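Both complexes below contain chain A, partnered by chain B and then by chain C.
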Partner chain A sequence: MNRLRLAVIGFVVLATAILAGHGAMAGDGRPALPQAKGSVCVEDTQVMRRNHMDLLKHQRNDTLRQGVRGGKHSLAECVSCHATDGADGKPVPVTAEGQFCQSCHSFAAVSIDCFSCHATVPADPARTAIR
Partner chain B sequence: MTDTSRRAFLQGTAVAAVTLAPGLTLIATAADARPAGEAASPKQRWGLLIDTTKCPAECTACIDSCKEEMGLPDHGRPATDAQYIRKVSVKDPASGKTVSLPVMCQHCAKPACVDVCPTGASMKRADGIVLVDRHICIGCRFCMMACPYKARSFIHEDQTGQKIANPRGKGCVEGCTLCAHRVDAGEMPACTEACQNRGKGAMVFGDLNDPASEIAVRVATEATTRIRADLKLDPAVRYQGI
Partner chain C sequence: MGLRSIPGEHGNVNTVFAILYAVATVVLVAGLGFKIAQYARTPAPLKIPTTPAPLTPAGAAFRVAREVVVFESLFKANKALWIFAALFHFGLFVVLARHVRYFQEPVNVVIQLVQPFGLYAGLAMMAGLGLLLLRRIVVPRIAYITGPSDILMLLLLLGIGASGLAMKGAVHTDIVAVKAFFLGLMAFEIRALPAEPPLLVHLALVAVLMIVFPFSKLLHVPGVFFSPTRNQCDNPREKRHLAPWAAKLEAGGN
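And now, the complex of A and B:
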C-alpha cells in the first residue's frame, strides 16, 4: 500500500516537472501565446478558442469554391495578425516553436497540415513580381 | 438548340458587338474587383485569346511571370516540375509553317477533369474558372490522365516559401487558376500582363459573356480556333494563327 502511494506521488512529481519544463505557461496552466497585432480578434476570444477550426473550414470553401474574397475568417489574415517579428525584424512563421498556432496546438496535441501549403508569414508589403 | 439556330444566335451577337465596337476602349483589363463577400457569378465567363502570330518561339514572358506569381520553383526536372503554362511548337507538315503557342488550363465549360474526379476536388467555379480544391484532392491524378491539354501537374516534394495567393504542397494536383486571385481583385492574369508589357501583346484576357469586351468582340468578328475542338469540351482559351 505504502509502496503504491509512493509510486503515485513520484509520478505526480515527475509529471509536474516534465510539464513545467515544457514551454512557457501562463499562470493558469495554459500556454503563453505571443501577443497578436491589433486589439481584438475577428470574433470574440472565447468563440475563437472554441470554433476557429470551423470558421476556417467555412471560409476555405467560400473562398476557393465560391470565389468569395475579403472574408472575415481568412487564414492569410490569421497569419498576418498572429505572426510575430523576430529579433532580426523578419516575421517568424506561425508554425515555429512557441509561436501562436504552434504553441497552443502542441499543448492540445493537435496537428494541422494547413501550413504544408499555406504561407506561414504575412505578405511582404513590397510585391516583387517581375512583370 | 440546333446547330443552325446556334449559328444564327452567334451572328446576332456579332452584329450587336460591332455596333458596340466604336465605344470600345481596347484595354484588356478585367472588370472591377468583385466586392468583398460576393461570390463568383455565372454572368461572367473568363477567357483568353492568344494570337500566335505575335508569339515568338523564344519568348517566355508568360511562363516566367506565371512561375513568379504562383511561386513555382525550378527543381531542374522539367518532366515533373510544376508548370501551369508551357510553350508548344506545332508544325504543319505540308507547308513547314511552325507556330509556338502557350498552352495552359483551357478552362473548359465541360471539363473532363471534373467528370473523372472521385472526390469533387476538380471543380468549375460559377464564372467558368476550373480549379483543383486542394483541400479535398487526394492526389489520384485521374484528372491529369483525363485532360487532353496536359494542363495539370502533380507535386512530388514538400514545398517551402509558397506565395500567399497560391498555397501548394506535396501530394496534390495543381494547374493554372487563370489567376483567380487576381481576377477576383479586378486584375488580369499575370501571364497576360507580362505578355502585354514584356512580350508582343499576343494575349488578351476578358469576359466572353460581355459583348462589349475586347475578347468577345474579337471572338465574334475574327477567326479563332480552339485546340482539340473536336472533343467538344468548350474551352475558354482561343487561339489565332494556327
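And now, the complex of A and C:
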C-alpha cells in the first residue's frame, strides 16, 4: 500500500512537472553548428546525420583499395563547404571547438579518426595552383 | 492538459516516451529505495558467516566486494556459469558506462575513453545472455527449476541488446537527437526523438526493464550486499552477537 502510494505521488509530480515544462520549450537541444557555405548537401540532412561515417568509409575503401576517384562523398568537399573563416580571414579547422565536425562529435563523445591524416581546413587555392 | 504539439513530426511519440521514462524512472528509484530500506530493516538475528570467513569488518567488506565484482562464490561453485555470468555482467557494465554520454554534457573523460569498447562489450553481453538462455533450456536440472520470469528477463535483455547493436552496426539513428531528448527530459522539457523502429523498440524495452526491476529477480543487484553469510565477519567469541530484539528481552529480564 505504502509502495503504491509513493509510486502514484511520484508519478503525478513528475508528469505534472513535464507537462508544465512542455510549454517552455527551449529549442531542439542540439549543439549549435556554423552555417555551411553551399546550399544543398550531397545527401539529405537526415541521412547525413545518421550515415555520414559509413558514406565516408565506403568512399575511402573505394579510393584507397580500388583507386576509384571523384566519388560523391568526398571528405575534402565536406571540409571545403563546412569550414568557416576566422576573424583573421584564415579558415578555422572543422575539428576546433564549436566548429562543424567537433560540435556534435564532442556532444556525442565520438572521436574522429579522419583528421589524423586528412586536412581540417579547405585546400588553399593559391598553393594548389602552384603545384 | 494544455499539451502543445511539437514543432516538426511525431509529437505524440515524443510525449509518450517522455511520460514513459518519467514513470519508469519514478518506479525504478522509488521501488529500489523501498526494497533497499526493507532489506536494511530485515533482522539478521544469527551470526552465520560462511567459514572460513574474514575476522574483521573490513575483511568482510572486502569479501562482499569480491563477491560483487568477480562473483567469487560462483567461481568456486560453477565455472561454466561463472563464465556466462561474467561475460554478461562485465559486458553490461561497460555498455552502461558507455551510455552515460547520453545524460551528461560535457561528457566525462572516463566515459569518453570507454566509447571504443562499446561494440565488443555489447557482443560479450549478448554472448553471455545467449549462453545463459541456452543453459536454462538445455540442462535438464536447470530447465526443471526454470520459471517464466527467468526466461522473460533473459529475452528482455536480449531484445535490448539486439536493438542496440542493430543501431550500432546497421541502421544508425540520430544519436545527437537522442541525447538532446534525454537532456531535455532531465530538464523537464520534451524534445524531438527520432521516430525509428529500432530506437523506439530499444527505448521501450529499457523502460520495461526499469519498471519491472524492483519487482523481479533483478533485485539481486542490491540484495547481494545484504547476504548475512557474506557480509558478517567471523568474530562471535571476541564480540557477542546480540540482535536488538534479543537485547531488549535480556534487558527486560523476561
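Just so we're on the same page, the second predicted complex is superposed on the first by the 101 of 131 C-alpha atoms of A that agree within 3 Å, B and C clash if a C-alpha of one lies under 4 Å from a C-alpha of the other, contacts with A are read in each partner's own complex, and residues count from 1 in each chain.
Keep this in mind: a residue touches a chain if its C-beta (ideal position, glycine included) is under 8 Å from a C-beta of that chain, and two chains touch if they have at least 3 such contacts.
Because the structure is a prediction, the values reported are computed rather than measured.
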Worksheet item: Looking at the overlay, what does A:Gly71 touch: chain B (first), chain C (second), both, or neither?
Response: first
Discussion item. Tell me which touches more residues of chain A here: chain C or chain B.
Written reply: C
Worksheet item: Taking the superposition as given, does A:Ala87 touch the first partner, chain B, the second, chain C, both, or neither?
Response: neither
Worksheet item: Does the superposition put A:Cys117 against chain B (first), chain C (second), both, or neither?
Response: first
Worksheet item: Can A:Arg50 be said to touch chain B (first), chain C (second), both, or neither?
Response: second
Discussion item. Quick check for you: in the superposed arrangement, does A:Phe107 touch first (chain B), second (chain C), both or neither?
Written reply: second
Item to complete: Look at A:Gly29 in the shared chain and tell me whether it touches chain B only, chain C only, both, or neither; answer first, second, both or neither.
Response: second
Worksheet item: Which holds for A:Arg60: it touches chain B only (first), chain C only (second), both, or neither?
Response: first
Worksheet, complete the sentence: chain A contacts chain B in the complex at 60-62, 64-71, 76, 113, 116-119, 123, 128-131
Discussion item. With touch defined as at the start, can you tell me which chain B residues reach chain A in the complex?
Written reply: 34-40, 64-65, 68-69, 123, 125-127, 129, 131, 133-135, 158-159, 162-164, 167-170, 172, 180-181, 184-185, 190, 193-194, 197-198
Discussion item. Taking the touch rule as given, give the residues of chain A at its contact with chain C in the complex, in rising order.
Written reply: 2-3, 6-7, 10-11, 14-15, 17-26, 28-31, 46, 49-51, 53-54, 104, 106-111
Practice prompt. Spell out the part of chain C that touches chain A in their complex, as residue ranges.
Written response: 1-4, 6, 8, 15, 18-19, 22-23, 25-27, 29-31, 34, 101, 105-107, 111-112, 115-116, 172-177, 179-181, 183-185, 187-192
